[in-house]
Every structure is written in C-alpha cells, then in structure tokens.
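Chain nomenclature is as follows: A, B, C and D, assigned in order of appearance, with residue numbering initiated at 1 for each chain independently.
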Amino acid sequence: MIPRYSRPDMVAIWEPQSKFRIWFEIEAHAGDAMAALGSIPQENADAVWKAKDVEFDVARIDEIEAETKHDVIAFLTHLSEIVGAENARFVHQGMTSSDVLDTTFNVQLSRAADILIDDVEKLLAALKRRAFEHKDTVRIGRSHGIHAEPTTMGLTFARFYAEMDRNLSRLRDARAEIATGALSGAVGTFANIDPRVEEHVCDKMGLVPEPISTQVIPRDRHAAFFATLGVVASSIENIATEIRHMQRTEVLEAEEFFSKGQKGSSAMPHKRNPVLSENLTGLARLVRMAVVPALENVALWHERDISHSSVERNIGPDATVTLDFALARLTGLVDKLVIYPDRMLENLHKFKGLVMSQRVLLALTQAGASREDAYKLVQRNAMKVWTDGADFKTELLNDPEVTAKLSAAQIEEKFDLGYHTKHVDTIFARVFGEDGS
Amino acid sequence: MIPRYSRPDMVAIWEPQSKFRIWFEIEAHAGDAMAALGSIPQENADAVWKAKDVEFDVARIDEIEAETKHDVIAFLTHLSEIVGAENARFVHQGMTSSDVLDTTFNVQLSRAADILIDDVEKLLAALKRRAFEHKDTVRIGRSHGIHAEPTTMGLTFARFYAEMDRNLSRLRDARAEIATGALSGAVGTFANIDPRVEEHVCDKMGLVPEPISTQVIPRDRHAAFFATLGVVASSIENIATEIRHMQRTEVLEAEEFFSKGQKGSSAMPHKRNPVLSENLTGLARLVRMAVVPALENVALWHERDISHSSVERNIGPDATVTLDFALARLTGLVDKLVIYPDRMLENLHKFKGLVMSQRVLLALTQAGASREDAYKLVQRNAMKVWTDGADFKTELLNDPEVTAKLSAAQIEEKFDLGYHTKHVDTIFARVFGEDGS
Amino acid sequence: MIPRYSRPDMVAIWEPQSKFRIWFEIEAHAGDAMAALGSIPQENADAVWKAKDVEFDVARIDEIEAETKHDVIAFLTHLSEIVGAENARFVHQGMTSSDVLDTTFNVQLSRAADILIDDVEKLLAALKRRAFEHKDTVRIGRSHGIHAEPTTMGLTFARFYAEMDRNLSRLRDARAEIATGALSGAVGTFANIDPRVEEHVCDKMGLVPEPISTQVIPRDRHAAFFATLGVVASSIENIATEIRHMQRTEVLEAEEFFSKGQKGSSAMPHKRNPVLSENLTGLARLVRMAVVPALENVALWHERDISHSSVERNIGPDATVTLDFALARLTGLVDKLVIYPDRMLENLHKFKGLVMSQRVLLALTQAGASREDAYKLVQRNAMKVWTDGADFKTELLNDPEVTAKLSAAQIEEKFDLGYHTKHVDTIFARVFGEDGS
Amino acid sequence: MIPRYSRPDMVAIWEPQSKFRIWFEIEAHAGDAMAALGSIPQENADAVWKAKDVEFDVARIDEIEAETKHDVIAFLTHLSEIVGAENARFVHQGMTSSDVLDTTFNVQLSRAADILIDDVEKLLAALKRRAFEHKDTVRIGRSHGIHAEPTTMGLTFARFYAEMDRNLSRLRDARAEIATGALSGAVGTFANIDPRVEEHVCDKMGLVPEPISTQVIPRDRHAAFFATLGVVASSIENIATEIRHMQRTEVLEAEEFFSKGQKGSSAMPHKRNPVLSENLTGLARLVRMAVVPALENVALWHERDISHSSVERNIGPDATVTLDFALARLTGLVDKLVIYPDRMLENLHKFKGLVMSQRVLLALTQAGASREDAYKLVQRNAMKVWTDGADFKTELLNDPEVTAKLSAAQIEEKFDLGYHTKHVDTIFARVFGEDGS
C-alpha cells in the first residue's frame, strides 16, 4: 500500500485506531455475554463500556508492546489503565489472542469488501451508461489484433459490464467467505469460554460464528477471498488493456480524459499517454500477487502457527487498498473516456470491405458452392484488397465465378453494417435485462 | 499431467476422442437448430447425425491439421469425409472455430468439475466417518508446534470436513462459472448465426448461453475456476501437513497405511515414511501453479487473442487430473489412516500437566487474583515442570500462594480432561447437523 | 508438456529409457570407484557393465515397481535380472535412492540446459542477422503505444539480442547451479560410502560434487534454475508482444511468415493472425508457472521430505520442453518475419511532423526560451496537428513567436530523420562489439 | 513494507529525500558532462551544484506534482526555485524522465543489494560460528520426518552456510544485473543527448551504461533481480522450517532465545513458541510474491509503457526492506539459538538402535547375504523394536540367522556413532575450506 494508490476510507479500515476499536468491541460484547451467562459479574462487564468513546492511545500501546512483545496483552493493559484494573479483571477471560485478532481481521475484511462491492457497483453504473450511449456506435471487432467483423462500442462496454457484474457476485461470495468470527479459546474447544459468547459477539459484529475453529479461523476462507480479489484485478487489466489499445496512435478510437494542467511527457508535449490504464495494468499485478501467499497460508501446523500473520498484515491492507483505488480509478476512466466514433468508422473501412468476407463466404455456400470452393473464391478476391489496395466489393462484382453464384444486389447487401448490429438489442437485453434496468 | 498421478475417468475427458465427440455434438445440434429456423435444409441437418456412432479417426484429423494448420477445419474436413461433402455443406455455417472450441472446453471443465465434486463428496464421507470414530479420542492441541490444550482427533477430522465442505460449495460455484456456451460468431454479434442456435446447443450440452461473448467466452470465468482449484489444493496440503506431523518419529500419533510388499526405503528397512501425504503436498503445488497463468489469461486483446490457448491446453487437463488424483489419494489416506490413541495420551502427558496451565490461570483469576499475579503464579510453577521435569499439579499443590487461592480439590479438578471435551457435541452438531447427518 | 509444443531432443532427455540409462551409469561408475577403493570386488564392478548396451525393459521395471512401490528398487531388481543376482550383489552399496535420483535429475537438467543454451545461441544469430539487415530501417519509436521519436527496426532487434544475450549468460549460470551430483548416503554423512565414490561418479557424469548434501541435493539450486527459465520466458513474451503489436491491422509494420496451405480462420479468409507470437505469449506463462512451486520446494523438512518430487517430475520436463519449443519457434519467427519498411515510414509520418516536437522544444530552449515557454510554444502548435490535421513544420514556420527564436532553416533541420539515427553505429558497437562480431 | 518488519537503513534508501538526492546528482552530473562536451554553458552546469547540500522540500514537490501530475517536472520546477530559473535552464536537456527514474531506481536497488549482501555475510558468520561450535554434536538425521541415520548439528549449520553462500553469490550477480544506468533519451537513440553524458553519469553513480535501452532500462534485469530475492527468501524459509521442527514440543532439540519480559501466550504461560522462525516463514512468502509481477513487468509495449511503474514503486521497497529485516532476524535467531545436545541424544536413542539398521543391512550383504535376504533379516528384527519396544542390537545378537553371518563384535561395532561422523571434517573442509576460513 502506498499513498499514491490509496483512498482514505479503505485506508481507515486498516489504521491502528480502527483495529483497537474493533478489539475493544469484541472484548466488551464478550463481557456482556459472559455476564448474561453468569460467568462474570455484570458490573465488570458494564464497566468496560466506559472506554466506549475513548480514543485509544496508540503510542502507549506500542510502548507496552515493545516491552511485552505481545500486542493483545499490550492493548488489554492499556484498556485496564482506562477502565481500572479492578474493573478489567475479567476482560478476555477464557479467550485467546487469536479470538480477538482473527475476528477483527474478518471484520476488517468484511468492511473492505463492502467498499469494494460499492466500488464495483459504481463502475457498473459507469459501464452501463457508456454502453447505452454507444450502443450503436459501430467499430471493427478484432481477433488477434486483426480486423474481423463489425461490432459496436456499446457491446464492448456491455461485455465489461457483464464481466464486472460477475465480479460483483464473486465479491459478495468472497465477503460471505470471511464474515465469520471465532471466540473458541486456545485450540478451539471452548474449554474456557461458552459457545454462546461467540454467538453473541458475532451477532453484534455482523459476523457468523465459525462452525469449527482451532486457535484460528481456517485460512481456506482467506485464500478464497484473496483469490477473488485476484480475479477482479484481472478483469480490471482486461478493460485497461482494451483502452490502451484504443488509444494507441494508429488506432486512436478513444483517449483517456486529459485534464488541464496535466503534462503528458517532459520531452514530447504533444503526447497524450494512456497512463491511467497502464497504471491499472500494474495495479492489477499488485493485487494479484496476494493470491499465492494467501494460498500458501492455508496449511498451518496443527491447531495454528503464526506464519500467516506477517503475510496478512501486508496483503490485508495492500490488496484491498490497491483494488479499491484501482476500481475507483477505472470508474473515473470509463466515465470520462473520450470516444471517437468517426475514427472508428475510418478504421473499419481501412481495408475496403474486407471485413465482410465472412458474409460473402456464407452467401456463396448458401448459393450452392462447397465450403472449399466458396473459401477459395473469397480468398482470391480478398488477397487483391490486401496486396493491391483494391475494393473488395468491386472485385467481387467483377469476378464472374462469384457473380455466377450471387447477383449484384445480393453482393451489395452483404456490405450493410446493419447486418452486424441486428442482435445488439438481444444481447443488451441479456446483459441489462429486457427493460435495460 | 503424468500417468503416475492420473486416474482414467478424468484423463478420458481430455482425450482427443472425447473432444471430437463434443465438437461433433455441437455441430450436429447447431444444425438441428438451424434447420428448425429454416436457415439450412432439414435433410442436411439430419445427415450429419450419421456420424453419431462413428469413432473419429484421430490420426486422419491430425494429418489434415498438419496441412491446414487449423484444427477445426481439419475436423470438419474429416466429418465431411464421413457424412459426405454434399451433406456436410452447411455444417459450421455462420459459426467461428471458437464457438466450437470454447463451448467444448467448458463442457470438458464441467465434466471435470463433476468428477471433482464427486471426489470431494467421497472425501467428506471418509472424513466424517473418521471424525465420529475418533470423536472422543483425546489428543493434545498444538499451536506453533507447541503443546497447548487438549482437543480430540474427532475435532481434527471435523474441521477438515468443514473445510472440505466449503470446498464442495466452492467447486459447485466454480462449475457454474464455466458451464456456459457460446455460438455467437466471429466477434460475438450473432451476425451470421441466430442466438436461438446458441440456446438450443447449450440446452443440449447442459450449458447456459453466455450472455455476451466476443469471439470467445470471457476468461474471468476460467480464472475463477482455476483459482478455486488452487484453494481446494491448498486444503489438501493442509490435511497432508497434519498427517505428516502426526507421523513424524517423535510424535507418531498416526501412520499412513503401509501395504504388504511396500518397501519404505532401500537403505533403512524400518522406516515407514508418510510419502502419500508428502506427495499430496507436492501435488497441491502443481494444482496451484495453474492459478497465476489463468489470471494472466483474462486480459485478451480486443475481441480475443489466442495467448490463452496453449495455457489452457496444459492447465485444463493438468490441474483437473492432478486434483482428481490428489483428492482420491487423500480419501484413501484418510480412510485407512492408522491412528494411535495411546500414543496421543502419552504425548499429552509428556509435560506432566503443563497443558492445564490456562485452566489454573483462569481459576486463580476467578478466585480473586489479578491477571498479572495469576500469570506469575502459574508461570513459576510451570517453569519447574519445564526445566526440572516436575509434575505441575504437585507443584501447584505445594505452592502456598496458589493454595491460598485454590483448594486441593479445586486444583485436582483442573486436570480433568473432560473439561476440554465438553463442547465436542456442540461443535459436531454445528459441523454435521444436530442429528449428525 | 504436450506433444504440440514439444521437440524430440528435449523430450528424449526425459524419457524413461534416458533416465534408466543415467541410473545405470551412476551405479556402474560408483561400482568402479568402490572397487578401486577396495570396498567391493573388482569382478562385481566389472560385471555390472554387461548391461552397458542393453536396452532396459521399462515395462518390466514398471511391473516390479507396481509391487514394491519403489522405483529404484524396481530398477535394481531388473538390473540384477540382467547381470545376474550374484554379480549385482554390491550394486548401490552404501547408497540411498536419492543419490541416484538427484544426481540423475541434475544430469537431465544439465543436458536440458545445454539444449536451451544452444536454442538461445540460434535465436541470437537470427536476431543479429535481422538487426544488421534493418539497422537503418527507420520506424517510429513508441512509448505508451503513442508515437514518440524515430528509431530503427535494427535497434529493436539489437535490444532483443542484448536481452537474449543476458539470458544466455543467465542460462549458463543456471546450468552451473544444477550441475552437481551427490552420493553421500542416507543423510549426507558418507557413513556408508566414501566421498571419493561421489567424486568419481560426478567426474564421469560431467558434474561437480555437491559440497554438502543431506539425503538430497539442496533445492535452492533448482529454484534458481527454474527462476532463470522464468526470466527467459518473460523475454520471449517481450519479443512476442512487439511482433503482435507490429502485425495488428492498424500498424502492420511486420507479419509472421504465412506458409502456403495455412488457413488463417475458418470464417475470415483474408485474416493473417500473429498466432505464433500469441502462442509464445501463452507458452511464456506456462514456463513461468514453474517458478513458484520451485521456490516452494526449497524448504524441505530436516534432511529431506519428498514433497518436491511430484513437482519436479512435472516441471522438470514441462518447463524445459516448453521453453525449448518456444525458443525454437521464436527463432523461426524472427528469422522469417516479414518486415514492411514502407509501412513504417507511413506510420512515422501519420501525424505530420509531430514526433519531432522534442527536438523543437530543445532548440527553443537553447535559443533562449525558458523550459516553460518553450513547452507552451511547442504544445500549442502540436495541438493544431492533433486536432486539425495540420502539418507541424508549417505551423511552426507560421508562428511568429517561434520564428522569433528559430530561423526557417533551423526549423527545417529539426525534421531530418538522420538526426535520430546518428548514434545507431555506437549502439550497435556496444551490443555486437566494435567489429559487429 | 510495514514498520514492524523494517530496518532504518534499508527504509532510508526508499525515502523521498533519498530519491530526490539521486535525481539531483544525475541531473548535476549530466550537466557537467554536457558542459564538458560544449552542449551547455559551464556556468549553468556549475550553478546547479548550488543545491548540493540543500534539503529538498518534499511537500513543495508534492504540491507541484499535484498540479502537473508529473513527478520529474515537479522536481525540476522545485530545483529551478532553488538554483534560479535562469541557471536551471539547461537542466534535464535532451533527457527524458525515465533517464532519471530508471537510473535512480537502479541506484536504489544497487544500494539495497549492498545491504542485503552485508546481511548475508553476517548471517554466514553466525552460521559458521554455530557450525564449528556444534560440529560434533550428534543428532539424528531425518528423512520424511522419520529417523534415518545420525548426523551432527554442525552439519546442519554447515549446509545452511553453504546454501546462504550460494545466495551471497547470487545476490552479487543480481546486483550486477541492475547496476546499470541509461541517459539515452525518449526512445533510446541518444538523439538529443550524447552517449558520453550517460557514460559520465553512470561512472559517477557507480553504474555501468546500459548497452542498449529504449525509453527505459530493460526489465529482464529487474526480473532476474527479484527472482533472486525470491530464492534467498526460500532459503530463509528452509532454515526457519528446520528451527520450527527442532522446537516443537516432541522434538525440542532447540529453542529460539526467549528474552526476559517476553510473554509467549496470553493463555498458556508455559509456552515458548518459535514465533521468529514462523514469522520468517511468512516473510519469505512476502518476498517471494514480488517474483511473478517482476516477471510480468518484462514485456512492455514497444519502447515502453508504464505498467511496471506501480509494481516497482511497491515491490522495490517492500521486497528489499522485508528481505533485509528477515535476514537480520534470522542472523539473530541463529546466533542466539539455544541448542539442547542432551535432548538430541535422547531422541536419537528413542528407537533403541533402529537407526543403525542400514549399517547392519550392509554388513550382512558384505558377509555374503543377498540384498533380499539381508533386507529380510534386518526388517524382521527392526519390526520387533518398532512394535514391542525391543532393543535392536539385542535382537540381532539373538537372531541365529544374523549371528551366522556376523559375530557379536561385528554387530557391536555397527552401533558406534563415530562411524557416522567420520567424514564431518571432510565435509567441513569442502564448505569452509581446508583451514576452516
């Protein structure tokens, strides 16, 4: 996580204050549940809430940790300083540090997921708006970077919408994966803590009790979570790659919005570089790099080891902050992307009708030619366009073997762009619903 | 994929015969739909089904491909040889190769997922059986590889069950991710093929039509699929790691089943090595290595490039075949794992009551000691066990500061193992349901 | 490894016959050394060589392994069948299976490295030839996919040459990393085998004795080896990406050679797709995916566990076979790449002089303008080219604030392409040596 | 990079002040070279050095960047504020931002490599000291976590030494990989800057001129660099894994040093957990995760795109800071590791002589038994130890088929530990040199 690629709301989730606040809430809610069960005196449970609106002194906690080398003990000591040692006597009773740490981490990840879900929803709104705006903006579809057949810019946006909509669903699943909490004690047997305490705390923190934990919440959940972030990041790269291609000098079908005051290059003032989408490509790599260590974190020794901890201290904030930033950046990019429909048509016509060859091939087949013969007829005329800059339609009209199969009118009809856009409504209905909502 | 780590059913999915069979079905069903729509003559559609029970000649197809350098054309040529060129005239009409290839790949992945789902269900059955068998088999729980508090072997199996049950759910989601098909033409506009053909073919092949495709089915689906396999593999590593630890000489709480005739080592005949679980650890790495390239495959250029293809030709079979083998191997391993309950108790008692220190700590706190004082009392007696081999309970009973807080009976009670297993039923009910079903 | 992406010489290294041949040589050479040291009778050592020219019966070995579940014992049993049980009595004496397996693996990797080194040398030859051929073929240099300043196609080839030359050096280092052997016994103490046996065998097998081994050769060596393959693969992707960009319809500065009989697309016969370079992009991902598991293989338990084995059985052949194929494919691609110099000039001039803006900026600064003023002068004229299709030079000549600083002749001179190619010889001398050799 | 896992010297390399200082030096040295070549006035070159001892105002630079959205321009503007706009007129002349950025990044990586090299040297010193200290401390060697044959703790340290010594060599190579600089202009043609300026600046900055660059220094260098860090990290994991195993309760052959005041667990005061080595396992994952994005960074578009930048802003500091911290932590851990030789012997004798079975097997073979017969004789006696807790030597002495081959004295001799340590000196000489230096 670096400030340059961070947004404050997501960063806030990972700040020490936020973490200690969650720690406090877990301890205080646990106290309530224990008191209700008669395990500890009610007044002790109540007294802990005195710290409800206190801002914890992070520096002081760090100071205690430097001595005890144990973060949870440091916090509890500080809490004891606030609410009084006598009052704090039953805090954390029967719990183990990981009960607090793991439940907190999942609260943080859930909140992070909420932001990411909101980010994707905003991105979807932008993609949908641009999709309808350019539903009928014809451009050439390309496979292998080579002109294929016409499509529309709206379809491009619509497929990114559909992809991101799947990511929305994946993120919701991923959120559910890690929205669990555990207060099950040293090895998960609830030996010193009643399962009902866990249930109460989870309920208050918006979590589901982990059905079976050890000292820790099982890390397959986190692996699935970070793997999902990696998929979302890859989709970001996918959209970014399209934009980078569209903006390259020879294509120039779109440009990232270029704000006033922005300088493109110290050396070449005329250049407007797709730096945002290139940046998104790099950010995607950064998010993705969390996936492998998260997978490696699953196999802990026996009831737990702590190898996962340093990994998560890093990838927890880094992957979520970076992905949040990337999604927001992409939304702005999509929202303001400057589209050049004229240029799209110009590119489409670059090879004088050649992109219609598939239609002609089909027409010849239907007119009775074998696939092989039709292929050869199309190929020999296509090659003239390619090598001599000829016009494909003209060549076809002048090829007696072609005209023996197809009339001039039939040939003309094959060059109608409307042919390629006739199912756009159908596809839009599939993606956005029948009423486009 | 190497034969050593392969099982025939999964391998069969990826064999050329299987692939060509699916290609054929897609083309034949597409023909039916086109005929129904009046796009091609019914008799041509019908005639293609002549190849229904023909075994395709893979060598012949390879021969044609060597010349045309195009696999789908090679197959279509061969099909034409079988059903007759005139009959085959309309086969593949309006379609693009990827319509066949991508839909087929997803059929194969869906079938692979079915096997994997079945594998996990079998593994779950084994884990559940062993969990109930050892529900009350007490062993020491460990964190950081260090004795912590008692737990039971049944809980160990139960948590692996819960983890694999989550994987079952993830695999079902992953299957849904890739159970889509597309017959949308060169750039996905349905210019030359009616969307209803796609619907018919998908229906017949057990797929859902891809709402919006380009030339290809979007690769975020496959990324999510392979990422899921990576998570499952990591869970396998998790279980394998537990078994490897249990079998190590100093622990020896379990051993992999050692069949007659099997030699452990050419050099040390007494050795029985946990080679299956070590092997599973390696296989997990192999499955996991498919995740990153699958993520890298998402960002294709424009409507498609073919960079994903070589990756998928490899990871498609490799990851599924390896994971299938690993799941089956793990199931056998779990099923036949030899458990040593006596040895578990022996290990548990290794440090003469030390693992009960947490209970004593808690009791002291509840008897009025501050957390800090209780901690010190426990720690000083614990250290005598650690350094002098003393018995923890005896030391406590002889420590006047301890006995000032706790009676002998109270101390005795802290060393009751039943204390730690009292919630096993609760946890089992959470994992397996109230009635254990 | 799949046949489609394999070449026979590399595949041969990994075939069972090759492996058993190396096993045999290790055992036989070890016997010689033991006999020379007086540890075993000379006649037994000699007798083993009876199998020198025998083709081992792989099926028979597999059959024995199916029973013993131990591959080395299976081989030794088969060897005993060939040379006679009495003669074979001392074979493998004091050795452990890994002595044979690990030394063999490193022989295989060394031989694989030799092929890869040869591959890179051939690629370098092709790159060099094309570099000199197109040393002065001017094309536009691009940053961010946007036209920047002129460069030459020769420089493009030269930088790929320099990059691959570094890879050559890395591959030689990587070969040295794994060209070690070990015959040090069960845990590497040489308890049952004299270190001089290891020295003799290594000498005969073209290896260096591993200074200190355990049961296995340390896996940091293999990690470094596969990491190097990953770097080479990434360089392949780098070159492939350049070619893919050059071939895209709007750029079309080069095309992959298109052999007769090859069909580009079943649907669009005019298309010539850069499928080889796209394929190389995918193959690079496949090679790279070996890196992470190779890194994960380093941390074995104590003197060894066998988790690395299944990984290496896969990535050993797969990564080397795929990289060999990719390097050879790339060499052919570079060798036959069709370059279009006219099209390069056409692209260069697309924005009428705009790519010279940096030169003008510099000239203005040198003529006394502040950087900021110069920037603004250049920018405002550049924008006219961009938005109105104006000619940059003409605009500058008509801008009185520009002509106040620069004379018409000075402006003209800024548009000389030779200005940009004046140091090509210097760079070539750096890359290929002063005499281009 | 998080403060918890950071050390100040490495962090300092990556601070804005350090970066701007290097930027300044590159610009100032470039000015000197240009003046010497007569490209700019000497007084302007001299004047820039006025900023030599000025602390740059990072906040001011950020402020300018916020407006211009270009970091190098922001810095140059700030520099201009310091030395005067007139004096600064020729600063950066003919250069492109990447000339500064890439050369600076490599200066930073070189300095980081220097620290890492120093770290490894310190680690080597610790490993060597402990190796000689425990050269003859016998412990059981283990394969698959199962007792194999005796070895010594000194050999364990020595093999880690040898592994880290290879890493030292790799780090030196990696440093050489990225110790290059480039001042070659917009697309690397030196159109606007003389190659001699690059040579001068590189010489002053301790770098080698990049033979051929584009706008950027080729990223295969950085890929090789970060891949090397990944290998080093994996070796750290290897050592950490050994320590974790040694400290686990049932083994307890070593413990991490436990400082006074440190609390092991809030719940179980007797526990001393190997948290440092577990932490190192996690840190290794963090360092390793830089490898894949660094490989993905190699394939930039044409003469450059900026996708690598965000990746490097992150992994540059993160991977080096984390690896520095990990190496230092490991050095302290090795240095202070508490070794328990008595416990090692106790473990060694756990299975009453069984670990000597290989020796007995060999002796039987040499006494004339076939391998198969010898194997069976050893196995049947070994199994009694395993299952009944018998003493292996006693069983052998009582087995008439054994004593028919071996005398009592011969059997006794097989249980001498010295047999296993007789080549320790030889191995030490290989690792540390004949004189142990």
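Basically, a residue touches a chain if its C-beta (ideal position, glycine included) is under 8 Å from a C-beta of that chain, and two chains touch if they have at least 3 such contacts.
Keep in mind that what you see is a predicted model, and the values were worked out from it rather than measured.
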item	value
Length of the shortest touching-chain route, chain B through to chain D	1
Selected interface, A-D versus C-D, where C-beta contact pairs are more numerous	C-D
Chain centre separation in whole Å, for chain D relative to chain A (CA means)	33
Centroid distance [mean C-alpha coordinates] between chain D and chain C, Å	24
Per-residue overlap in chain B, given as positions that touch at least 2 other chains	76, 92, 142-145, 148-149, 185-186, 192, 244-245, 263, 265, 267-268, 273, 275, 278, 281, 288, 292, 296, 301, 305-306, 358
Interfacial residue positions of chain C with respect to chain B in the complex	2, 4-5, 67-70, 72-73, 76, 92, 95-97, 185-186, 192, 244, 259, 261-263, 265-268, 273, 275, 278-279, 281-283, 285-286, 288-290, 292-293, 296-297, 301, 305-311, 313-315, 318
Residue numbers on chain C that touch chain D, as the complex places them	76, 85, 89-90, 93-94, 141-145, 148-151, 155, 158-159, 162-163, 166-167, 170, 173, 177, 185-192, 195, 209, 211-215, 218-221, 223-224, 227-228, 230-231, 233-235, 237-238, 240-242, 245, 281, 284, 288, 291-292, 295-296, 298-306, 358-359, 362, 365-366, 370-371, 419-424, 426-427, 430-431
Parts of chain B lying in touch with chain D, wherever the complex brings them together	140, 142-149, 244-245, 247-251, 263, 265, 267-275, 278, 292, 296, 347, 350-351, 354-355, 357-358, 361, 375, 378-379, 382-383, 385-386
